[in-house]
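Heads up, the next two complexes both have subunit A, just with different partners, subunit B and then subunit C.
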Partner chain A sequence: MTFPMLQKSLHKRRGSAGAEIRRWLWKSILPASILAFWALATRFHWVDRKIWASPAQVWQATLGLNRDGFLWLALGESLLRDLAGFLLGAAAGLAAGGVLGWSPWAYRLGAPTLHFLKAIAIFAWIPLLTMVFGIGEASKIVFIALAAFYPAALNTLEGIRSVPKSQLELARAYRLDPWQRLRKVILPSALPSILTGVQVALILTWLATVGVEYFMSAGPSVGGILLNGAESFHLEIVFIGIILLGSVGFALNQGAHALGRRLLRHRPQTLKA
Partner chain B sequence: MSRSALASGSSIRFSPRPFAAGRAPAPVRILAGLVLPSALLLLWHNASTRGWAPPQILPAPAVAWSSFLDLLASGDLRTHVQASLIRVLISFALGSAAGLALGLAMGLSRRLDDLFGAVFHGINQVPTLGWLPVLIVVVGINDRLTHILIAQAVFVSVAINTQRGIRQVPERLVEVARAYRLSRTQSLRKVVLPAAVPQIFTGIRFGLANGWASLVVVELLVGSEGLGYLMSWGRQAFQLDLVLVAIVAVGIIGWILDAGLARLEGTFTAWRTGEAAA
Partner chain C sequence: MPWAGGFSAIDRKPLKPEVDIMTTKGILEIRNLGKAFPANGRKGSLQALDGINLSIRPGEFVSIVGGSGCGKSTLLRLISGLDDEFQGEISIGGAPVRGTSLDRGIVFQDLRLLPWLTAEANIALALENSGLSKADKRQAVAEHLKLVGLEKFAQAYPHQLSGGMSQRVAIARGLVNRPGLLLLDEPFGALDALTRSRLQAELERIWREEGITMILVTHDVEEAVFLGDRVIVMEPGPGRIRRELRIPLPRPRRRSDPRFLEIKEDILREFTGPETAEAESLEPAGRPLAEARLDWAA
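Take a look at the complex of A and B:
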């Protein structure tokens, strides 16, 4: 007995144009019905209209909120904050990971502490940070940097430590100096892992940005929009915040992956053992 | 560093691990690992005893230790840890069961994948933090909110990884199953699931870590007990010692949860290879 269902479903099949259209229609059934249900449910008061806004109201609220370009301002504020924290944290992480990966002694001294600190859920630092730095901009950026630090440090560390032994031996045989060793042997081999770390850091800093804006009040910002929406029970405002949050996250993710692919395409040849 | 340092092989040895660090004898490794924490502790002690920082901001290590002992003796720490753990485990059970179900459905059937895909990936674009305000408005601030939020965090990563794990089962394995004329259940049980287990476990571990992290977020904002609540209470009362105890507890429990799953994964891997060989 064969099992065509498994065969078909596990692996892509190519279809005709008609099949493609049918598939596309099938794909849009659920989103379309959710939208339709939302519109109907708010239109005919199947749900509490005090809480649930209709799709039209979300659109109206978006226009209203953006009258003086407020949404762009909020988005800009959040992105700048994200960028500052990301640059700070990723740089520190790359440096720390580099040192720990390069020197066995630094690894012995620092890695256990790093691994323990990593286990602490990052938002757990917020009360401590606010006590030490207050709830100003510095505190927020330190928190965002912290979110970037761990993935950058750990992936750099792992990347360098997993450079194949044979390549290092070859480097020694060629009597490469440390700089050449870094450039020709270690970096090419560790780069994919380092880039993964930077990508993860980029995604996490966006979460941390919105989260920290949520915890420490912060003027116009994406987190501020979410918080205001929840506090004033305006679900349509919350939805605007969610859409901003999701689309920036999506864009960052796509951008990071595109950048990663580009950088890896140009990566220098590794030494062949 | 000079060329001679390189030539002497100080950092390159013929060891199974590239950078020899993991090869030091265990006592040396443990002692070396303790150097940095001890140095930090010493710095902290000096900072507080010499008044580099006001005691409201930085209590002495001894103070933090004694509040830890107090919390332990009074049973408060146990209450908070228990509250947090129960929340996470309930939500984890719900979220991972639902995630497994959807992930299996979307992995095994392309039609179901197409049907749920758009909505699922849309929801997945928005992190847990984004759903929090929605739930505050719709569900209100209560335990149900905590459960839903954490279950959602677990659900997403389990579902995604299960689906991917099944999709990435190598085609040749499926062909082998076909050559052996296994029935659908048999091939699912003996070929597809065992091959997908590692990825599914990745999802479960990520899920639990996400869930634990989300728990802290929720408890910080809306809790009335639990470790997150202990932290935010400590902050409001300007008792950094409480905050520190809670932070360390969050770290230790997070680590234990992950280590537990790693062990479980080991057991499952044994099952997997055993089954695959049979």
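Take a look at the complex of A and C:
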């Protein structure tokens, strides 16, 4: 029997530092090329310089804008708002998806409505939200929460409903009570799907945050920077907003995937998110 | 080797409250059992089992052989109480079987190890409601990992185990809470010949020492004869009992014993004889029958 081989596979394999660096180089080829092309395009006036700012100008504007730490403040505002909406929406989504997945009654009652509501683009909620919650912070957070709610709810629901019959039967054979069944079988079985929901929710809430800040003009914030740059025709400011938006989105995505990999580290590769 | 110590060396406390043991001390009576599955939307159009009569006394070892699709797994499911929808009666000691019981263990044909639990935790799942203390649970799990020779793999996850190892984990999980009745659905199918005969011997020993009633479904006629007090031969369409043989050989049995071979040949003839023309689907074409192990994939 191949004991040593299997024992070895119990430990995680890790790439060497050299391989890690090579991977990073590969990843940065395209962004670096785009940056270079942008610099050349503005330097040699391939684009209208009255509209297009050069990378150097964007950098100058960034330093200028951040003189009193304004960018950090704006970023912090946006992240805090995102976090509040995410927590609210993801928690509600997990709960709703859990109940709908758990109880066939609740499913028959609630699932059609959920699917109908899901089909409404979330920006369509803004008029209603502003009418109910005003144009203050509450409206924005509820809007962001909505963005988190659907993926969290639907993936949780799906994950729970697709727990294999065979696993539920196993729970029955060992006479697990509902709580044991939930803890030992249903939640772990649904976990990959739930995590996917949370990951999607995390990405969508960030986009929703910046979007709602833009449309409902929040003060210092990433969306606010975009709005400001657009209204004053300062493309370098718009670029700052875009870069902030993209960087945070990228970081959230990476973080969510790392978390997913960690939580599912013992699953066969095919199950990993 | 892991099993050198064997199970007999282990001094164990009784695992279950008295009440549970009572339930399987009686005779398992199966009367006129039938099971129909709805097929193609028409209700009851697939008769998986029909007119099964079987009576198994406590502590008996019964082997069930038969081709794929003759309802062997269905029969075990009904006995285990996982499926309460059937015609006829199943009772133990006069009490009808309703729902599952920790005293009726089952080793599923498809194993059903939970992929997010280690081998150890998968086995421990069977003890979740055993009423044992944490320490006793841990000890019972360790003993059974040892029994199936996987103590080094306590922390391995199912996807890190070979098919045979997974099967051994499933067997350990079936045994760990010492059910009064253990249903085994082709438990040795994926094992190599050496491990299989070892585990067969080990299973026989546990059966002898613990007095557990065992019903073993297998497609290996030799295994059925080696282990069974009785061999039940089933046939499909609808699933029925075709024949029942008592195996009068003393234990431990020797596979080379002429009487053993004779009984084995006798059973094999059920699947090849001229009078079974209508059952030809049982036998995969071109398979050398000299090998007792018929690979009726189930």
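Just so it is clear, the second predicted complex is superposed on the first by the 218 of 273 C-alpha atoms of A that agree within 3 Å, B and C clash if a C-alpha of one lies under 4 Å from a C-alpha of the other, contacts with A are read in each partner's own complex, and residues count from 1 in each chain.
The rule we apply is simple: a residue touches a chain if its C-beta (ideal position, glycine included) is under 8 Å from a C-beta of that chain, and two chains touch if they have at least 3 such contacts.
The structure presented is a predicted model; accordingly, all values stated were derived computationally and were not measured.
*Asks:* Should A:177 be classified as contacting the first partner (subunit B), the second (subunit C), both, or neither?
*Replies:* A:177 contacts both subunit B and subunit C.
*Asks:* Going by the contact rule stated at the top, is it subunit B or subunit C that touches a larger number of residues on subunit A?
*Replies:* B
*Asks:* Is A:169 contacted by the first partner subunit B, the second partner subunit C, both or neither?
*Replies:* After superposing on A, A:169 lies in contact with both subunit B and subunit C.
*Asks:* Touch check for A:218: first (subunit B), second (subunit C), both, or neither?
*Replies:* neither
*Asks:* When the two structures are overlaid on chain A, which partner does A:121 contact: first (subunit B), second (subunit C), both, or neither?
*Replies:* first
*Asks:* One more residue to check, A:191. First (subunit B), second (subunit C), both or neither?
*Replies:* Touch partner of A:191: subunit C, not subunit B.
*Asks:* On subunit A, which stretch or stretches are contacted by subunit B in one complex as well as by subunit C in the other?
*Replies:* 1-3, 6-7, 9-10, 169, 172, 175-177
*Asks:* Could you pull out which subunit C residues touch subunit A in their complex?
*Replies:* 80, 82, 100-102, 105-106, 108, 110, 112, 114-118, 125-126, 128-129, 152-153, 155-157, 159-162
*Asks:* In their complex, what parts of subunit B are in touch with subunit A?
*Replies:* Its residues touching subunit A are 1-3, 5-7, 9, 11-12, 14-21, 24, 28-29, 32-37, 40, 57, 108-111, 114-119, 122, 125-127, 129-134, 136-138, 166-167, 169, 171, 174, 177-178, 181-184, 187-188, 192, 212-213, 215-217, 220-221, 227-228, 231-232, 234-235, 238, 240, 243-244, 246-248, 250-252, 254-255, 258.
*Asks:* Which bits of subunit A are touching subunit C when the two form their complex?
*Replies:* So the residues of subunit A in touch with subunit C come to 1-3, 6-7, 9-10, 166-167, 169-170, 172-177, 180, 184-185, 188-189, 191, 266-268, 271.
*Asks:* Okay, in this complex, where on subunit A does subunit B touch?
*Replies:* 1-3, 5-11, 23, 26-31, 34, 51, 101-105, 107-113, 116-117, 119-128, 130-132, 160-165, 168-169, 171-172, 175-178, 181, 207, 210-211, 214-215, 226-227, 229-230, 233, 235, 238-239, 241-242, 245-247, 249-250
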